[in-house]
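One structure is given here, and the rest of the page talks about it.
Labels run A, B, C and D following the written order; every chain starts at residue 1.
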């Protein structure tokens, strides 16, 4: 099971404040799909300018990135640059 | 009133153009003569990107009226290299990576050339004060100063 | 700025004729470094620009028996290159040479710096301290006016319609006297003075101050000639007490504004600081002469 | 200690390189020193006319009416557009790219609809046969305003009864979401562990409020473009920007066109620093051109640049750090309010993520508020959001070091983030060079030099993520064996040279035989814009892959000619050799290219990637100043920038990025600020009073390049351009604080402010 952590404000608005979730899935799409079943509307929220970090690797655009069974997955604000 | 007919020597060649009173020398160089090497960064004499030589004196082309240069000599960045033979300042600006975006570079080269004509042995401080009217936002000035020092040395025959 | 006219007469007479005909709608241009910025910003309401750079009287520096005549259109760079004026009035030259960048120095003139009417003009306090006068030409001929009487309020001069500034006169430097100009700006270059101080003083053999003129810029609607500052010095050996009195007199003479360049509090305090520092420099120079 | 090992690796790696790590002359250099290079304002088209923008004199007002009749009647006026001429865009219309972009806000920012939100906000645009006529016509456009009270600072904007800019703005991220509209667009919170609890274990706690002003990127080239719409609706835009594809995407959206009808040709760009990651003029020029049937050129004045284009957010910050007597950090808090300008979207979240990133902290809490005010909409500026956060955190670290009597660099070294440290935003760092930059800073001669009276020394660290993103490259081998490398990334600071160097390294041919070019939107596949320090990393990665692709193609050709299997062909120094036997004479790239026709046509390679593996950058700066106690004037005596760059591809340009960023930061710390009248009109609209550092203000900027290779890049590249602006605010503030013996927590530290602080103290 991957350890998924959501931003505080997203957890508040969509997951009764629960930030950490253990979800199984082979890629981000699968994981988000499972979370969506549990917390309707979460997928759209996560698509509002959030990047994802899988085991320290940040992805600005995510969909099919692979996830290991023991991966740490963090959703965080997308990063702009100068 | 009708436009002014202006005749001047620009980079050694006779040139003539028509301009309205309110057109600056910079407007005339860029729009009437298509010499776009002199850049407009502020049109108030604060950035030096439009530096040119007017009868041997360093000026901001944005603070000179086009009509004023009638019968005068103007030197711009386009006249600094002789064919593909670059001026020492141009060479050292390249070698020292003294430009990043390059918009301020023509002004710096014209201003530095004027400095070295007047003072072949400038100290770092003298270079910095002479070039204080030329803004660069990319380099932090460091490599520009170094390039001018190296060019000065070469022009003195020290390298 | 529709149909702006331009002329570059070669004699004072012609200038007066054009100015009179234009009924105040003509603008005199020397270096143009202030004028063209105003023109660009649309702040200049004029029907014609009169370029005075082709009149030799306005472009030359002449050594007379009792002083120097300096054309109003002489640029900072030209004045800076004039050895005799530099030796006699270093403070005056310092002031003009502080105006703008190298690029501006090749253009900006003493006359323009004064007639632009800015309270912060770097060229002015030095000349007021030096006791310089202006030769004004107009329809009724010429008249001579002390520099401090030219600017009446920001951007406004006492010149009447048809009149313009031809030249300045700087008296010879008396024995044992010296001058200096200091200004404060936030950067090392390219700024307008937040405070400017011009000091000219004379001492006797024993080192007592016999005469002094102190002028402050950028701390009031116009550059000031501050009598109390002079009084603080005259009759003293310019010791610590005199300098303290001087800097208090300078601060209390200030009537500045809060703006993007400085606060009232700041200008008032720094005027005192610079008055002291400029005086010390002028004194050093006086001892050498 | 891993760092020595990393160093050896880096140095060994360097020795394997033939081109990388050298500093040859940039390919576009000669054009730029001779005045031949064409920047935004240098382009002209046949039949071109000129556009000017009419801007609001008010900071906040309703537009009651716009009358263009008089202006339209003027001879030479060819077109006039106002907000009504632009398609309506739905408030929910946002895309996710590098950031969420609200096209609704963007459209209003480009040209006001029913309300103006800042002094200089565009209200109408005119195109005429000359600039003079356009300016006169602009003056004839009659606009009736109902002036509204303006809010200029986050403090005022957050007051209970503050005038609200946007009806219906409800603070996101609050629980519950408030019912009342306010100027607070959102609240973001980051948490690790439990800071509130952990503070109880602290022997020492420092806490203070800090403010930093909004500043402008200050690029010397004003925004400029030419737009031409032909009769068949096909549009061409020449413009100076940080991304031709960004311009295409935004213009398409704002003008309701599809991308295939818009071709964007990038000009040389005269500085951006993040400020040219948005569109201002392009949509106006396009509509004016469509209306007039003529190419329309628009160039901003400096005044327009300062009044209407992207500054970066200033704001307010409260930093709190708790530590043990020995200097071990136990807990930290950061709460910040950033000015977003007229529309939501300040980089406050990034400030929260970056502030404490250089430190190993188990218990952190960061809260960020995104606040709208009547100023131009903030745009990116080098490491957006990070400098203000770092100013607060690094000042607090300095105060902590003073309180504990520990050397400020020692304190940082003791708590430095290392591989495996969890950043405040949750991610565990891979291999990073934070500790290495601190150690090297401590070892510099500068740090160990004595100081004189009225002098002070300050240090500060900084962090920036660096980003990857989408980049495309194609490598085309010419019949004579020379090579063209095309990318979609504008070259702001010499990236063409880096691209050519990396291609040369892979192809094994001379740098001089490679021509890198920045292609238009129809000559190379999509690429994200130049920003976030991604080009040398991400576009570089694409170039490397494209070059490898071309090499494989050439090996295939050689194999064909020799009639051997491809894995029998080895590629080295631009020459294909047959491993199996020496009967085949090795073939140079030129020979293979010459035979391309016989072996299957032109040779090329391509790569379109979304680069991952960006390596975080850390920097530590040292600053010495002398303060005149009677005037408050600050002279920067000496400055050293130490930075982990992974691998320096072109060391001279790496140094240039470090020096340039440092000086921008010094300007931010000392003199740069926006001065507004009480009604919200900008007072310093030129370089005379918007005081960027000039040459005589600065000392030489010493640089120490640290190389801890980024495992995520074939050559170990980390981004270089952003992080240099992160430490200076803190470094200069700490130096001034030590020089005068009073903590300076309010930027800029202009002479009046410093003198007032000194006077207040005695």
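One rule holds for everything that comes next: contacts are C-beta pairs under 8 Å (C-beta built on N, C-alpha and C of every residue); 3 or more make two chains touch, one makes a residue touch a chain.
All values derive from a computational prediction rather than experimental measurement.
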Q) When the contacting C-beta pairs are counted for B-D and for C-D, which pair yields the higher total? A) B-D
Q: Averaging only over C-alpha atoms, locate the centres of chain A and chain C and give their separation in whole Å.
A: 69
Q: Could you please state the distance in Å, as a whole number, between where the Cα atoms of chain B are centred and where those of chain D are centred?
A: 29
Q | Distance from the mean Cα position of chain B to that of chain A, given in whole angstrom | A | 55
Q.
Using Cα averages as centroids, what's the distance between chain C and chain D in whole Å?
A. 44
**Q.** chain B, residues touching no fewer than two other chains
**A.** 20, 22, 43-44, 46, 129, 131-134
Q) Tell me, which residues of chain D touch at least two other chains? A) 132, 217, 272-273, 687-688, 693-694, 696
Q.
Can you work out from the touch definition every pair of chains that touches here?
A. A-D, B-C, B-D, C-D
Q | chain D - residues contacting chain C, complex | A | 132, 135-136, 303, 630-633, 670-671, 675, 683-684, 687-689, 691, 693-694, 696-697, 750-752, 755-756, 759
Q. Any idea which chain D residues touch chain B in the complex?
A. 23, 25-26, 28-30, 32-39, 41-42, 44, 132, 217-222, 268-273, 299, 301-302, 492-494, 650, 652-653, 655-657, 659-664, 686-688, 692-696, 698, 700-701
Q. What residues on chain B touch chain D, complex-wise?
A. 20, 22, 30, 34-44, 46-47, 49, 76-78, 80-81, 86, 89-90, 93-97, 99-106, 109, 124-125, 127-129, 131-145
Q) In the complex of these two chains, what residues of chain B are touching chain C? A) 1, 4, 20-22, 24, 43-46, 48, 51, 54, 57-60, 62-65, 67-68, 111, 114-115, 129-134
Q | Of chain C, residues touching chain B in the complex | A | 1, 3-6, 8, 31-33, 36-37, 39-40, 49, 51, 53, 77, 100-104, 106-107, 188-190
